[in-house]
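Following are the structures in question.
Each of the next two complexes has chain A plus one more chain, namely chain B in the first and chain C in the second.
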Partner chain A sequence: MASEPLTARRRGGSEIVAQALERWNALSGSARFFILLAAAATVPLLISNDYVIRIAGNVCLFATLAVALNVVVGYAGLLDLGFIAFYGIGAYTYAILSSDQFGIHWPSWASLIFIGLIGLVFGLLLGSPSLRLLGDYLAIVTLGFGLVFAQLALTLDRVELPWREGTVNITGGTNGIVKLDPLNFFGFQLSNVTHYFYALLIWLAIVLIIVHRLNQSRIGRAWRSMGEDALAAESMGMPTRRLKLLAFSCGSAIAGITGGIFAAWQQSVFPQNFSTDVLITLYAMMVLGGISNLGGAVLGACVLAIAPELLRSPELSRLIFYSALGLGLLLLMKPRRNGLIVLVSVIGLGVLLRLIVQAAAPDLLSPPTIRVAAASVSTALDRFSQQFGIYVQSWILVLKEPLLPGNIAFVVMIPALLALSRMKPGRLKFGLTIPAIYLLIFVWETRLAAEPAVTRLLLIGGLLVILMIFRPNGLLGRRKVEIV
Partner chain B sequence: MEDFLAQLPQQLVNGLTLGSVYALIALGYSMVYGILQLLNFAHGDVYMVGAFIGFGVLTALLPDSSPLLPSAVIVVLMLLAAMLGCGLLGVGIEWFAYRPLRNAPRIAPLISALGTSILIQNAVQLTLTANYRVYRTEQVIPAAAGIGLGDLRISATRALVIISAVVLMIALTYLVQRTKLGRAMRAVAIDREAAATMGVNVDQIIVLTFFIGSALAGAAGVLTGLVFTRVWHTMGFNAGLKGFTAAVVGGIGNLPGAMLGGMLLGLVEAFAVGFIAPAFKEVITFIVLIIILLIRPRGLLGASVIQKV
Partner chain C sequence: MPLLEFSNVSKHFGGLQVINNFSFHVDQGEIVSIIGPNGAGKTTVFNLITGIYTPDKGDIRFEGKSLLGLEPHQICARGIARTFQLLRLFLNMSVRENVMSAAYPRTHSNLAQIILRTPGFRREEDRIRAMAEEKLGFFGERLAGAFDQLVYSLPYANRRQVEIARAMATEPKLLLLDEPAAGMNPNETQEITQLIGELRTRGGYTILLIEHDMQVVGGISDRVIALDYGEKIAEGKYQEVATNEHVIEAYLGRRHKPFEPGSQGAGEQG
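Entry: the complex of A and B
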């Protein structure tokens, strides 16, 4: 009897959620879009931390790029690996038109429109010869184009012109172009992070609306049918060449303008802003959400732009790692109590190993390396995380010279985890999970936590492979009908 | 003009050396593409791992005091270790990242390949740091050794690279054209399902293809290390791209094409560096690629296959 009110309350809670979800689903697409937009617009009002707003701006920037990439790759089915070059061309064009590099200072609206046109023209220039090529050939030509852009950005700092004395510095080489004018629209100058966040958000909204409308139109239908089966579309009388070119240059123009806004925001451009890493991140964002799904692209951008920032602080990344591990154990092990058994056994194994090492070679061990910071300089969450780290270090091996054992454990761990993931469920797999998880925690503590930049990329790489294996169409993607 | 003629033979040798490496990488791309229609983006990283395996063997067998084994044996051991290690790595990649995606939409294995490439690069960076490693080639092959033909001098290292590449390519051609396994590989490349119906073990052939292709990349890694001495964790990206370009230039899926494309690309690059400007070698290579693809959209030796629907 005593539990009756509790269950009632619980049911009430989930009913509220269910009702809210139902109402949400009942809303029209555009209403949902504007509610989310309004919610995003309140971010700077709720949080006054410039760092957080900068991340939010980054999310908008990457979401816009992912949406543009989606037009090219998702809708038109063109594997464009030179996409980042268009973004870079936009940024460099803005830099040249609004800095002391050549003493040109165009008004922002004029340079942004010009950049859009440049994007279109370059899209057409690269597109018209290479769209004759089939899928994978297109990929290599565009990838080469991206590389050429990167190399030109690096080497065009000493160009010799036949009709002039000396050399001309166009791109600034590794030093880039700095001290760009901020965006300035008819007297209103964008001067801080919040302004740029709003500019990027508005630009994202505009791009989303344009792309969505395009996708609903005749052209969008043609694109989708072409992406589904180019040959069939062509035989239905669709001008596939023109449609492809349109998609290609549309994506390039959007990427270019986004690059211009990025350059203005950063007030400088450097070649490494447009490296292949950025391209890979963009592809990861688009694929994570599901190809040819606009909401998915935005979601993917949110996840992959925010996650690295969370992993930047060692305290937060420790909490995230261990909660992910715990959740994974609880959800993946069936029956549930097996997860608990594994957890206890891992700790038991750790204590055992520690005792053995302590007895055999006590010199190798070091005391816990984590300290709890004073309450005055850190938040409660950080202190909790540090305390948690000390608990972990009280049973896992903490070595004085962790580099070599950590590396060996890492090299052993990867094939072990891979092999484990493919084993059939059974006693053996269950038994082997325990040392594998111990190894994982050991590697995390000794190597991964110390190198967040590498760990982040390892996670992205692993995530991409695993995601493709379990959901080849992305998180929100729908299964495509395969024609045999 | 005289300057040009004087330099020509030396640039030819440089180009052939570079081209041998590209051709070996291109073969792996082409073989995998021929069978699975898959761009194996991780192939360049396999090559990088091969270079590091060679470095490990060289360092282990060449203590500061004196070499443990005769130089020739060391070089052969480096090549064998790298080929075996990379072959196994390639098989592992196929099993982990590509096999589950055999029937997925076309972009899925591509993304998975990108992910694998990031994984390998960062795993190497984590364990071996991002520093350059330097092959101590001159302690195995003296820099002065070489063949002189008039004005032209081919250093022993470069000769070794070209000869090993040619030997490996001949062996591969023999395997593919003259043996039962090679016939099975060609059959799978032409039509996987038909080959399966005829009793070819398709999975086994795919694994074998990955093994051979990756082993060739591993050999290319060691040869690069011997000639250019520096190896680092992202060296695979550019080399993989060049290898892929070579495969495309020659007609992807076509093995003699890959060899021809690799040599051609190496020569173009060497000439661009030697006669035009080192800074623009990528630009020139890329322009040549576009021109070739515009004239022959399926590559130099690619057959104009009619696409079946």
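Entry: the complex of A and C
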């Protein structure tokens, strides 16, 4: 008993975090859900920046889609690559029902309910012929469906009808359909980004509740059983065909309504809003969060919808890169002090190289390229990251002609890092880590200077790879391996 | 009227005749075992009964009504449940959920009731939860306290019992057990033999069994049917079949030698 305060003091910070986590886990599921929902609802109250609220709305939008995708892919185990088409069908249906394209202006609630029904019908239409298909074959057929939708959206701007003169413009082709009516519920018109954020948040909450309740019922259990072993599920009395159709229809109805809300928010629809890129992003969100985990789908959507925005400015992405690198070194190297040694040595190596090059060939070096923007046009975080960039550039080798050395270093770096990761732990590995990390930083800086956009994407890709290595089943995923 | 009747059934895959003019029946309350060497067609018999395969010829009748043309889930709803030779559990679901999932054909809540969580849905959910615990309770200590564990974390012998509990949850009249003792040690084998007996006495199930382990077969079967190359070569009490010349020949070849019970290896593909 006497030693208790001592151990508590020694553990310090991590103890507090652990206690907080424990309390959080002790809460019931619905309590946690409503706390997080309330926290999300305060975003527009805390931040009045439209840009930030728009990102938050995007997160809700993608999270809803990822949750719907999770019903089809995560629970029912149907690899559906045509999912994005249902989202698009919903958006286009809203556009046709609420614009001057055909002069139709339905009330929003009627449009959204109609879109849900359309989603159900298309889910059944796509589902029925693909019932007998499994795994990869289903993926191919649904992918085809997605591509057909994209083509139709592009080409249905000149449709000839036998009973009419001339052509009819349905989808507007590449020009899309614009000037859509905003959502309007019984006299309350959603007119700004905050309104749409709340609409999307409420819709996400409704979808989460519906999907969660389905999951905790005979239907959800049957879906998951079918996803794990369709033959066993069928043998245990579950009508797998009907269940597949139901999963397809649920997913597509949710996706359709989400698409309708998206169209109203954007007040326009274009074919490229529903490209395969969006589909891949959705899959990445679901996998990153952990398949068949609803919280995971939402978390994955948060990470992947926010990360590209954070990395929009090169200075900010530089700050994130070095933070991730430094944190990674300090947290992952054991014992901890090794991380610090590596960090200090890398900086020392940088200073040394810089001094050598400055003495031997000063013409090669370029002065720092970054300037700190005036306080009136930038945020504190921007200015901090710019100042940070200047420090980095006065330490690393900033070359006048960075392209060739950068490319060479890039090509050397990949096998070097791979070889390093395969080496046995020991002094040699420890020693080689230092130049390897310096090389990584050098490549990052030269590539970032040459091609900021591509390098940003590389960083996202790299972060995803690292996350998936450490959490192979996604951030919140459960272990999916069998141990006999 | 027999509970299950298999009359003159044939089945071939390509040029291979897997089941050839095979007839047998199972009466209410019986334990019947099907034995036979590797590839004799035993598991095919189960797949034919449960509707995974359809026979080329012949008829399969359950309680007097033909099962031909029914989907596997409809056959399950009629009252036939099975286990699998190589276990086909839902590994990433909890033990309780595995058993509850099989109550699907006996539950009726629809989408609206589920989403609104109506009292009817809650009652039904409570009922099948209690049912799952009751079925799992049948297995005593082995599964007690593991109801919320994911199935992949269970040891092999316990998984077999979960699979039997899952089959029981469909409330069948006839249980088909495909090699319940495969891969088990002598203690576990003894345990499962006793359990199969209890399934009949306490659970009231009629049981059709595929088994390799002669201890299990001899210990509990009312009747034994020996199958070789898809044909019935012997039928009767265990002693009669085990000493039958054809059966010994099928298992051991043509040299006459006393048959050694329990000498067959486990894990065959029937």
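The definition used in the following text is that the second predicted complex is superposed on the first by the 407 of 484 C-alpha atoms of A that agree within 3 Å, B and C clash if a C-alpha of one lies under 4 Å from a C-alpha of the other, contacts with A are read in each partner's own complex, and residues count from 1 in each chain.
The criterion applied here is as follows: a contact is a pair of C-beta atoms (placed from the backbone, for glycine too) under 8 Å apart; a residue touches a chain by one contact, two chains touch by 3 or more.
Being a predicted model, the structure only gives us computed values, none of them experimental.
In the superposition on chain A, A:L332 makes contact with neither chain B nor chain C. Look at A:Y137: by the touch rule set out above, it reaches chain B but stays clear of chain C.
When the shared chain is aligned, chain B comes close enough to touch A:R447, but chain C does not. When the shared chain is aligned, no partner comes close enough to touch A:A110: not chain B, not chain C.
Using the contact criterion defined above for the overlaid structures, shared-chain residue A:P239 touches chain C, although it does not reach chain B. By the document's definition of touching, neither partner reaches A:L365: not chain B, not chain C. In the superposed model, A:L231 lies in contact with both chain B and chain C. In the superposition on chain A, A:S217 makes contact with chain C only, not with chain B. Counting contacts by the rule stated earlier, residues 231-232, 480, 482 of chain A appear in both its interface with chain B and its interface with chain C.
Put simply, chain C touches chain A in their complex at residues 50, 52, 71-73, 76-77, 81-82, 84, 88-93, 97-98, 100-107, 109, 111, 114-115, 117, 121, 124-125, 128, 150, 152-153, 156, 166-167, 169-170. Per the touch definition, chain A reaches chain C in the complex via residues 210, 213-214, 217-219, 221-222, 224-225, 228-229, 231-240, 246, 292, 478-484. On chain A, the positions that touch chain B within their shared complex are 73, 79, 129-130, 132-137, 139-141, 143-145, 147-148, 151-152, 155, 231-232, 276, 280, 283-284, 287, 291, 407, 410-411, 414-415, 418, 422, 447-448, 451, 454-455, 457-458, 460-465, 468-469, 472-473, 480, 482. By the touch rule above, chain B contacts chain A in their complex via residues 33, 39, 92, 95-97, 100-101, 103-112, 114-119, 121-123, 125-127, 237, 241, 244-245, 248, 252, 279-280, 282-283, 285-286, 289-290, 293-294, 297, 307, 309.
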